[in-house]
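First, the structure itself, so that you have it in front of you.
In order of appearance the chains are A, B, C, D, E and F, and numbering begins at 1 in each one.
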Amino acid sequence: MYEIGVVYRNIRRADRDVAGRLAALGSATVHEAMGRTGLMKPYMRPIYAGAQASGTAVTVLLQPGDNWMLHVAAEQVQPGDIVVAAVTADCTDGYFGDLLATSFKARGAQGLVIDAGVRDVRVLTEMRFPVWSKAVCAKGTVKATLGSVNVPVVCAGALVTPGDVIVADDDGVVVVPAAMAAKALEAASAREASEGEKRARLAAGTLGLDMYNMREPLLKAGLTYID
Amino acid sequence: MYEIGVVYRNIRRADRDVAGRLAALGSATVHEAMGRTGLMKPYMRPIYAGAQASGTAVTVLLQPGDNWMLHVAAEQVQPGDIVVAAVTADCTDGYFGDLLATSFKARGAQGLVIDAGVRDVRVLTEMRFPVWSKAVCAKGTVKATLGSVNVPVVCAGALVTPGDVIVADDDGVVVVPAAMAAKALEAASAREASEGEKRARLAAGTLGLDMYNMREPLLKAGLTYID
Amino acid sequence: MYEIGVVYRNIRRADRDVAGRLAALGSATVHEAMGRTGLMKPYMRPIYAGAQASGTAVTVLLQPGDNWMLHVAAEQVQPGDIVVAAVTADCTDGYFGDLLATSFKARGAQGLVIDAGVRDVRVLTEMRFPVWSKAVCAKGTVKATLGSVNVPVVCAGALVTPGDVIVADDDGVVVVPAAMAAKALEAASAREASEGEKRARLAAGTLGLDMYNMREPLLKAGLTYID
Amino acid sequence: MYEIGVVYRNIRRADRDVAGRLAALGSATVHEAMGRTGLMKPYMRPIYAGAQASGTAVTVLLQPGDNWMLHVAAEQVQPGDIVVAAVTADCTDGYFGDLLATSFKARGAQGLVIDAGVRDVRVLTEMRFPVWSKAVCAKGTVKATLGSVNVPVVCAGALVTPGDVIVADDDGVVVVPAAMAAKALEAASAREASEGEKRARLAAGTLGLDMYNMREPLLKAGLTYID
Amino acid sequence: MYEIGVVYRNIRRADRDVAGRLAALGSATVHEAMGRTGLMKPYMRPIYAGAQASGTAVTVLLQPGDNWMLHVAAEQVQPGDIVVAAVTADCTDGYFGDLLATSFKARGAQGLVIDAGVRDVRVLTEMRFPVWSKAVCAKGTVKATLGSVNVPVVCAGALVTPGDVIVADDDGVVVVPAAMAAKALEAASAREASEGEKRARLAAGTLGLDMYNMREPLLKAGLTYID
Amino acid sequence: MYEIGVVYRNIRRADRDVAGRLAALGSATVHEAMGRTGLMKPYMRPIYAGAQASGTAVTVLLQPGDNWMLHVAAEQVQPGDIVVAAVTADCTDGYFGDLLATSFKARGAQGLVIDAGVRDVRVLTEMRFPVWSKAVCAKGTVKATLGSVNVPVVCAGALVTPGDVIVADDDGVVVVPAAMAAKALEAASAREASEGEKRARLAAGTLGLDMYNMREPLLKAGLTYID
């Protein structure tokens, strides 16, 4: 049950440094390090290839076809934040374009993750303002009905609490709860460290079957080779 | 970030009586009374017309193609509960059929809400065991990977905390946080009470335009009638 | 380019008697008689099996998540009309429920065709108020932004001009322009007349291959039988 | 690579008696008995609740918006067959209605499985002619381009070879290769036999956790109970 | 009710100069200037990033899996036109490839908007022939059934009358009725003019809340700030 | 009925040289040369624009959320192969990333076609390892349940037998059965040869109407020109 019509001004942001270091590891590695949880649905796609962003979440709850709260949210953005916007219903309208992006950027926002549509994507791409959305759509919105800012929201199937770390890239968007960020960074870093060596062995021709010791469990599970 | 591999045995259930009285008001009225929040996405449909259920949520987090945790959840069900199952990925497999329904029913479960597929729907219908799902599918599942029971889950776009009240009928599924249940009941009851009189006036030919005093705001908004 | 914020009070309705007789022929036959045109997309489904309705269209243009104009439309309904509602964006919200249905019915509406969601479907079914929609959803709507009544609209891929005949049943919804209604009725009736005899011959074992003289064109097209 | 423009008149049909007995076991049980394979995608739904059919497959390959080959197929139907129709592209047109159903029924067809749309569903329901389709749509088709009859087809994600056993019900459609039918029947019957006893135990309150000896593997996998 | 089997040779085209100037303003600005109407659904996407086109519409009505009418349409193209193609049913076949593009280009076509699939997208991209479609698909089509050229069509949810102005870019496709083109240009230009100054103010840190005077209406609507 | 838990080590691969020459002709031309058959559904898209690959198919059958068999498949890859992976249920998980790609590449694989999701797409793009998939998703998978390698699979609606030729590019993925490869190459080459001349004539302004002699059949079909 969302609170409607409220703006929380003081949120507890995750450590900025931790957020930055998580970003470098990428959404797939961070998600693995979190026990394969925290991921938004794969329909959330970047508006340009190679987009990468991370930050602490300022959340927005929007009404269908109404982007009023994005303007309210702009004031709450601090440098290093990333805006995460949910809508109370499925909607593909273009809630966000180059004017709002200019404002968000001026406030220090690292990007936008929105479970709806955006527009002006050519200009956004030229600005290198990274956006993950479920649609691109020229359709504009009204400013008539209240939503909220900095309440917990469900965005593309993931729960986002204000201040959580968001890591977004070509593979998708992952949410790291503020309280777990340090631990997730540690696990993700360990995972990453081990990948370099694995990559070298695989490139040299070693099979995953041998590197991961899979032959015996496969045999036990009943796998049969037929010549 | 979900906890994986845990079962919480003690959850704080909302008041059973409140849950029952919310059910009688229906998902649409309850959702309105909550400020139009708390609703699962409309792809969640009952397996038979007229299905109705309510209860306190026992939550389950499932892995794709794997229904192991539904068996674990059965043990946690108390009379008056309704099971709410999420999956860590999009999946339409048939996680639940008549055997599990028999077991759930024996434990006192009021129904199942699952963001995946179910099967044996003819038998489930004969049993009048109500299920809301996103698919019907004969495909079975394995029992190989752990999920969790009674952790907060996002099911069909709604956050469900164990013990929350679930109200489900032909119009969809609404989640009422345990702490808000009494207040939601009050608001929904008030709303319902006013509907009977309105219905009578509308049936007698009164227009909503007049009953809700809409003519002036419409005029102010600029509505123009053309003969 | 829709006109926004206008209500046309005087529309030229197709002949009521023709509308009624078209209805008896069914959407598939009428659509065939119109050269296989005029059909809404198949995602438009009746809320109960066996729903049937026809009438002259009162059209409504709605904004996303906002049902204000349905109240405005109610006043424009005359006995024998059917309301056809489009939305300026994709939306599955529940725009219409039992109160509006009570009002529409009191005005003489034959049903509703809406390219969005509806709710209270159990009550609507008990009332036998037929509705075709793209979704069932408990989510309510606001009353904040103007649309229009009785402007031409595109509903589920079909152009509907106020006063057109609408024929809706289990197979879908077909739009017959007012000016073509008489001609469409004639063609559909002729088609229907010929179907009874065909059905009898097919039931007796005659093959369509022979009844429709298909063997020669199939041979010419190169069809080869292999034993 | 489909053969286009051919009709195979002689196909090797699976044993009719085996087909009938498989039907009684239902699609879910048969699919389980086949190692969880052979199932069509869950978007294939019966046009009325409770539809059940089985038979030996007469296959049809159709072109988009063109139902010519269904008439060709009618001649190849023998009593006990079920027609399985694929289209060379995604299409929701209404390829099949009451006239074709009358003809198919006269030939002894048990039903139709079609990866496209059908129409006249009210009449088909009254006739109790069972159909599984991906859409209901009033739109008609032309008769202009050749497809084939009794070639192997992929229908809704499943490979169907002419003569295979098809088992279809509320849970979906499963394909049993003719050569495997006897073995599948044996496995499915064994599975069914064990279900009755299980159902009784579960109804009496035994947990699946105990009945299936899951507690130890769950513990080994690391499941933790928290009070 | 579409006319089938006709080609209108003389259509009233919107002013070419107006069309060109609308294009420069972009689909989002033009759509806003038209009261947020006239937009095709957002599933229509350009085949390459940065595609931009505008022109006067030559419309085509196609049958499923059949591109015959695109060849008929080519003859009706005049320099400055853009071809807008609808299909009488949902279809993703590849109706259009590099040969047709070569022909369209030779006739002076500015691009193609098609509510279906296209192919040869690598070559089309190299040719910089802009196409908006709902799918990319290698599947070819037949030439067997008549449609029409230069009749009004519904394409991706928007009504297009021959001669209308089409403005298409990364954000989508907007239709400007010929009779409204001059007025739309005026409104869009005014809108555009005001955006430059707004952008500068937002970049300098002014909030939209202040620039658009939103604080008072938000307060009136009940927005609450919580510290 | 898939075989589960088997790996066929010896498959009959189509001629490598033929595979390479088919690739140069492109998926659309090859598909046309095969009578417009053999194509996967258009939801299969390359992860980067301009991706091209061809080879002989090593097939993999995967379980939902489980990529174990991709490791087993790696060992069966020979230089010139392309891996084709199907899943027993709809799944968008990220089954494949840069480590597996490194291993596949070391084995000589030409690319991957997978009816599921992949991840690490930025790195895969930098490696120029071409992948066609139905989703991009950071979500990882388990290694718990057996599938099979080198059994016939249905991938995105097309039947793929181990050793078949796969041709994949921006327009989609086409499957050429090994036994038909030589004949398909001949037909596709002939088709390609005739296209160059056609393109030149169309570029010079000749209409398809004349080049393909369509005027008479259009007239016969009843096409009417209206001035």
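Heads up, the rule we're going with is that a contact is a pair of C-beta atoms (placed from the backbone, for glycine too) under 8 Å apart; a residue touches a chain by one contact, two chains touch by 3 or more.
Since the structure is predicted, the reported quantities are computational estimates derived from the model, not experimental observations.
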Item to complete: Give the chains in contact with both chain C and chain D, ordered by label.
Response: B, E
Fill in: Proportion of interface numbers common to chain D and chain F (over half same, under half different)
same
Discussion item. Can you work out the whole-Å distance between the CA centroids of chain A and chain B?
Written reply: 27
Worksheet entry | Separation of chain C from chain F, taking each centre as the mean of its C-alpha atoms, in whole Å | 41
Worksheet, complete the sentence: Expressed in whole Å, how far the mean CA point of chain A lies from that of chain E is 31
Worksheet item: Taking each residue of chain D in turn, which ones touch at least two of the other chains?
Response: 36, 88, 90, 92, 139, 145
Item to complete: Can you identify all of the chain pairs that touch?
Response: A-B, A-C, A-E, A-F, B-C, B-D, B-F, C-D, C-E, D-E, D-F, E-F
Worksheet entry | Interface residues, chain A side, partner chain F - complex | 26-28, 31-32, 36, 39, 42, 45, 49-50, 169-172, 174, 195, 198-199, 202-209, 212, 214, 217-218, 221-227
Practice prompt. Write out the stretch or stretches of chain B touching chain D in their complex.
Written response: 5-10, 48, 68, 71-72, 74-75, 92, 94, 97-100, 102-103, 105-107, 117, 119-122, 125, 135-140, 143, 145-146
Item to complete: Spell out the part of chain B that touches chain A in their complex, as residue ranges.
Response: 1-4, 34-38, 41, 88, 90, 152, 154, 157-159, 175-177, 180, 184
Practice prompt. Could you please specify the touching residues of chain D with respect to chain E in the complex?
Written response: 63-66, 88-93, 139, 142, 144-145
